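For clarity, chains are labelled A, B, C, D, E and F in written order, and residue numbers in each chain start from 1.
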Amino acid sequence: MQLQLSTWQEVEAYLERATAIIVPIGSTEQHGPNGLIGTDAICPEVVARAVGEEEDALVGPTISVGMAQHHLAFPGSITLRPSTLIACVSDYVESLTRHGFDAIYFLNGHGGNIATLNAAFSEIYAHASLGRTERRVRLALTNWWDGGDVRRVSNEHFAGVEGSHATPSEVSLSYFAYPEAVKSASLEPRVAPSGRFRDAEDYRRRFPDGRIGSDPSRASPEVGERLFHAAVRDVRKDYRAFAAGGR
Amino acid sequence: MQLQLSTWQEVEAYLERATAIIVPIGSTEQHGPNGLIGTDAICPEVVARAVGEEEDALVGPTISVGMAQHHLAFPGSITLRPSTLIACVSDYVESLTRHGFDAIYFLNGHGGNIATLNAAFSEIYAHASLGRTERRVRLALTNWWDGGDVRRVSNEHFAGVEGSHATPSEVSLSYFAYPEAVKSASLEPRVAPSGRFRDAEDYRRRFPDGRIGSDPSRASPEVGERLFHAAVRDVRKDYRAFAAGGR
Amino acid sequence: MQLQLSTWQEVEAYLERATAIIVPIGSTEQHGPNGLIGTDAICPEVVARAVGEEEDALVGPTISVGMAQHHLAFPGSITLRPSTLIACVSDYVESLTRHGFDAIYFLNGHGGNIATLNAAFSEIYAHASLGRTERRVRLALTNWWDGGDVRRVSNEHFAGVEGSHATPSEVSLSYFAYPEAVKSASLEPRVAPSGRFRDAEDYRRRFPDGRIGSDPSRASPEVGERLFHAAVRDVRKDYRAFAAGGR
Amino acid sequence: MQLQLSTWQEVEAYLERATAIIVPIGSTEQHGPNGLIGTDAICPEVVARAVGEEEDALVGPTISVGMAQHHLAFPGSITLRPSTLIACVSDYVESLTRHGFDAIYFLNGHGGNIATLNAAFSEIYAHASLGRTERRVRLALTNWWDGGDVRRVSNEHFAGVEGSHATPSEVSLSYFAYPEAVKSASLEPRVAPSGRFRDAEDYRRRFPDGRIGSDPSRASPEVGERLFHAAVRDVRKDYRAFAAGGR
Amino acid sequence: MQLQLSTWQEVEAYLERATAIIVPIGSTEQHGPNGLIGTDAICPEVVARAVGEEEDALVGPTISVGMAQHHLAFPGSITLRPSTLIACVSDYVESLTRHGFDAIYFLNGHGGNIATLNAAFSEIYAHASLGRTERRVRLALTNWWDGGDVRRVSNEHFAGVEGSHATPSEVSLSYFAYPEAVKSASLEPRVAPSGRFRDAEDYRRRFPDGRIGSDPSRASPEVGERLFHAAVRDVRKDYRAFAAGGR
Amino acid sequence: MQLQLSTWQEVEAYLERATAIIVPIGSTEQHGPNGLIGTDAICPEVVARAVGEEEDALVGPTISVGMAQHHLAFPGSITLRPSTLIACVSDYVESLTRHGFDAIYFLNGHGGNIATLNAAFSEIYAHASLGRTERRVRLALTNWWDGGDVRRVSNEHFAGVEGSHATPSEVSLSYFAYPEAVKSASLEPRVAPSGRFRDAEDYRRRFPDGRIGSDPSRASPEVGERLFHAAVRDVRKDYRAFAAGGR
């Protein structure tokens, strides 16, 4: 059940049977020569929507722009500064708790969001902890790739070439979601270098085509489909536990 | 050309032939008993994407949550406070200008965004005006319903019942975009009351089912399709003038 | 009744018979070769004070500096960034509601304030809408030139040369208020160019002497007096309706 | 020379002969049973304007609302929070330096502004000190009562009953400026209690009618006139030294 | 009793017998050729801890970095901007009031903190004054050198050469606290120049080795010890009065 | 070499041989019945100072208050909200880069700081990435317990009872640092429960005495000494690599 495709009365009815909601959060940033700039938003969005259908869970609109300062040396990348993203997430959550939602499940598609999103959670919890509000909310952050099934499929196909950015797994999943957008590019070297990074220039100097440690030329919509089903299975379990009060 | 479905090299190539970009911006808020909560994001998004195709214009990811404080008494509505939305839009624009985009065209779907978005533009311009940056950028705000063709179709079908929120026009366009989400609801009274509003409680007291001055029971995907084509025609013209340096 | 010229006991007494207050808000910015930099603050101030006398309405201190980023290429112009103006207006309003004022009527003299002031209203309302406060307040924004009487006088004298910045009407009203400050300047061209603008440099390039679409050489204290009386009539009616709970 | 009553060309001409400017800053807060709420804005404003005339110094628009949180238990008092006032003063100063002003002289009328205004100065200087900007500016804060001549007149008339808030001196000066607003009230006790204070409730508990240590029943327009001339003499000297590069 | 060396149960027990706490606040900034960069944090810290022991007062962790923008032209100086320091102090205080502390006594070691710290107090009080919170707190700011005993010892040893920055008194006290860090440096001129300052470059131009008006070559651990005992006596008295509800 | 115990000339000399600096960062929060509230600040501080001695590395003043919202239901815990901590760290780093430091090594003692500190790094990097500044800086975050030697000692003594908050390892290290502050308390149950947590009330409900998964009754100054030496070895290696340009 997508919030964007529902009426307010449908949400009102939903709130009588559930008070949890899924919020996909991604990023808008380069994903190497054959990866889509929207990869990190696309992946959690398609998984969240499927989970929403299967679990009768409400799915909010995707936060498509995240914390991507390190990708800004590649055209098309967009970032919110951490302080801005914290403000956004805070307003988003405060609006939902106003209606009675008390369990917000962020399904994340971008490693670079994790620190800032956890900081945002602390900012939100701090209001309660400092005694400014009586409202209580449970917040969870799960990456779509966190579960065992995804890891299994990923290892089966991409062992040794998964890397950590512009991975064949996420590229595959985005190809499955948007087969019309499959790209081909010759990658040189086949497996990108690995390592840390700091600001945007530093990132580009170390990873000239944007990939980190990965060979996304191995990506395909077919593996994407397997990953999609694996992720939906993983996330359904995780979300169900969360909605039931766990975590 | 959608930013989210492009690679960074494709954006790099785009920047050699154009430096303008379209950014759809909407809202997540109640749209009466048969309107979708995502109406205001859906409408500019579908129009923007079509314009992008026809005009070879890049379309950035939709800002789906806008300024909707007045709708918060209806479940499912989400707002960013104006100060938060100003910060978001500023970061979004600053990221784009970093790459060489110098003309950002916001295609808006929500009247409640207009004031804050214009304030955000002034906040961004102020950096240049105060001498803090050498970068220059042109910003435009167009509502998808601003053009003459849309007004003609709208008047033809909905004269006297268009109203100003949850209008049959926007509901029709969203139905055209998502025919699977067409809703039916009995509206009482047929045409909603009109007037101003202040905060969320005040809004709900005045407009108990969320509509203002409209009869969206008249909405249909068929009229939505006509409106879609009209909006694309209107916006293409407007965008072309903007990209060419006008406005 | 001016707040600045009252004692706190007089305000206490006022609050027993009324809970509305008028706040003039203007700007400090160039107004062309013969217009005063304070025009936009002067005009609503003199109108507000007269309305205050006639209607036994309390008038707060004028907010003299507004949102004027686009005028910064002309010496003497001062701006608050929108985010700063939002914070100012929020504190101003929150202070007043603390005392029991629940209806704040901003009488505005600067078109450039409108978007930011409306954003500020939404920022203030959002506190209530998100459930952060129990306090309720009604906010109104009226421009001194909004009413029918002003428009009539303006049209009678300045049809076709009113323009939109450094208008003969506002210059006349400021001359009426400060006859000792009447300026003369030769204007070339007689009627300034019209159009949009963005940041300060862009504005100055398009409108080299600061005027937009106007011929303020036609301004005079005599017409200013007629405009003054017209504005007082217009605003009295509007304020009375607001104070009575309307709007 | 008042900025508000000048044209931009007059300011342009001024900047060729001087780069200093006077900014009156006050507060909007209770001043006891017979003092005006605007006292702290009125006093520096009238002194600044006279100094401006005598010294050919430009005088900017008065900042009428300052830091007055401690007065909020008395109706009519308005405060900016310190963080808001810092933002306002920063924008005000940054706008002026944009035009070439490099010496801003704040003539203050409210003790409660001093700490925050000094913090604002440090906030502004920090931009230069951290290396964010090449612009340099000199900032000064003078209270209208700082000079020897004012102190002499004050001591002559009000020795022992001057106190520190709602003083007979400031009330006298405001009466001189607005003789039509002279108030009479019986004060009990004649001389108000003295001491420190914290928040608004604490202040009102300690100082039930708003005065601190003063007997403003002694105030008169006649002494106000003497104080006015004394303050103008004091401030002229001080301003001249500042404008010449001193301090 | 140091907070950092206590358990939460010990604090819980403390709160049953007292609700006041001492917070040392200093700065990290150059103190001339023979003064320690940490002088302003060290001095209030050692005094506060001794007072804590003698008075059974809880002492919180030292705020070591303060407002020191004017020292940034000397290597090693660190500043918080005033707005940042206000946020820090606000969070620190709000955390303490959450536990039931209602009297926070800041023992300060840096003149440059005073304005910003007082602004922070007003920011905190404003929450109560505007009616945002029911919590009440008393805040005090005392400099370790404020008392009569310190002044006597200081005058006895350093009359005429105390100056206002990198004073022999503070250097002596820091030497007493850290005898292993005693420095020697030849000072030229013996007594540094005096005067005001603005930003960091201006400061360094006027005071090339960092000192203002002082001859800290006269500093010694022995005088430091006398100052330490004097300060402890002074502050004990002052703190006791504050904790008892005075001030 | 401690910044607080150095003169500015010593720092100037240091900058000729090195441009890296170590900044200890901790927290002020409950550490169970026998752990010190300052544990998380004490541990990195003592390790950092020893590393500083051995490596001729400058060590800045400890940031003693971190992000500890979840501990606020236990008396004595103090938090900065994430947004405040981001501002603090940004100012701290910007001050240091002003002097020529280009490699800041945060030695952390609190798991709860990690997300916010990484968000702060991104906030700082974003300035460069967005093109606002030419300055470049390398930032590192290392926990004192990250290295292999610490893990070995920890496992040797506390396998199975280390837990994740109020661990015997950190308690031991703090006891070694402050033997006079060793506490004894009977712990019930011996090993605390494990799990996640959200806001302060939630934390206390799950972990009634503050510990998570640990048995700190096993802590001792003797093991603390071993851990100290292990941590110094680990961190020396790590810091040396960082200072040399690695990471």
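The rule we apply is simple: a contact is a pair of C-beta atoms (placed from the backbone, for glycine too) under 8 Å apart; a residue touches a chain by one contact, two chains touch by 3 or more.
As the structure is a computational prediction, the values presented were derived from the model and not from experiment.
Here the chain-to-chain distance from chain C to chain E, counted in touching steps, is 1. Common neighbours of chain B and chain F, listed by label, are A, D. Of all chains, the one whose Cα centroid sits at the greatest distance from that of chain C is F. Residue numbering shows that chain D and chain E use the same positions for more than half of their mutual interface. In whole angstrom, the spacing between the mean C-alpha positions of chain A and chain E is 47. In terms of their C-alpha centroids, the spacing between chain B and chain E amounts to 54 Å.
The set of chain E residues touching two or more other chains comprises 72, 79, 81, 83, 95, 98, 129-130.
Taken pairwise by the contact criterion, the protein chains fit none of the simple patterns, being neither a path, a ring, a star nor fully connected. Pairwise chain contacts present here: A-B, A-C, A-E, A-F, B-C, B-D, B-F, C-D, C-E, D-E, D-F, E-F [touch as defined].
Listed in rising order, the residues of chain C touching chain A in the complex are 129-132. Put simply, chain C touches chain D in their complex at residues 2-9, 11-12, 15, 28, 30-38, 41-42, 60-65, 72, 74-81, 83-84, 87-88, 90-92, 95-96, 98-100, 178, 180-181, 183, 185, 210. Interface residues of chain B facing chain F in the complex, by the touch rule stated above, are 94-95, 98, 133, 135. Interface residues of chain A facing chain F in the complex, by the touch rule stated above, are 67, 69-70, 72-73, 79, 81-83, 86, 112, 114-116, 118-123, 125-126, 128-130, 136-139, 196, 198-202, 247.
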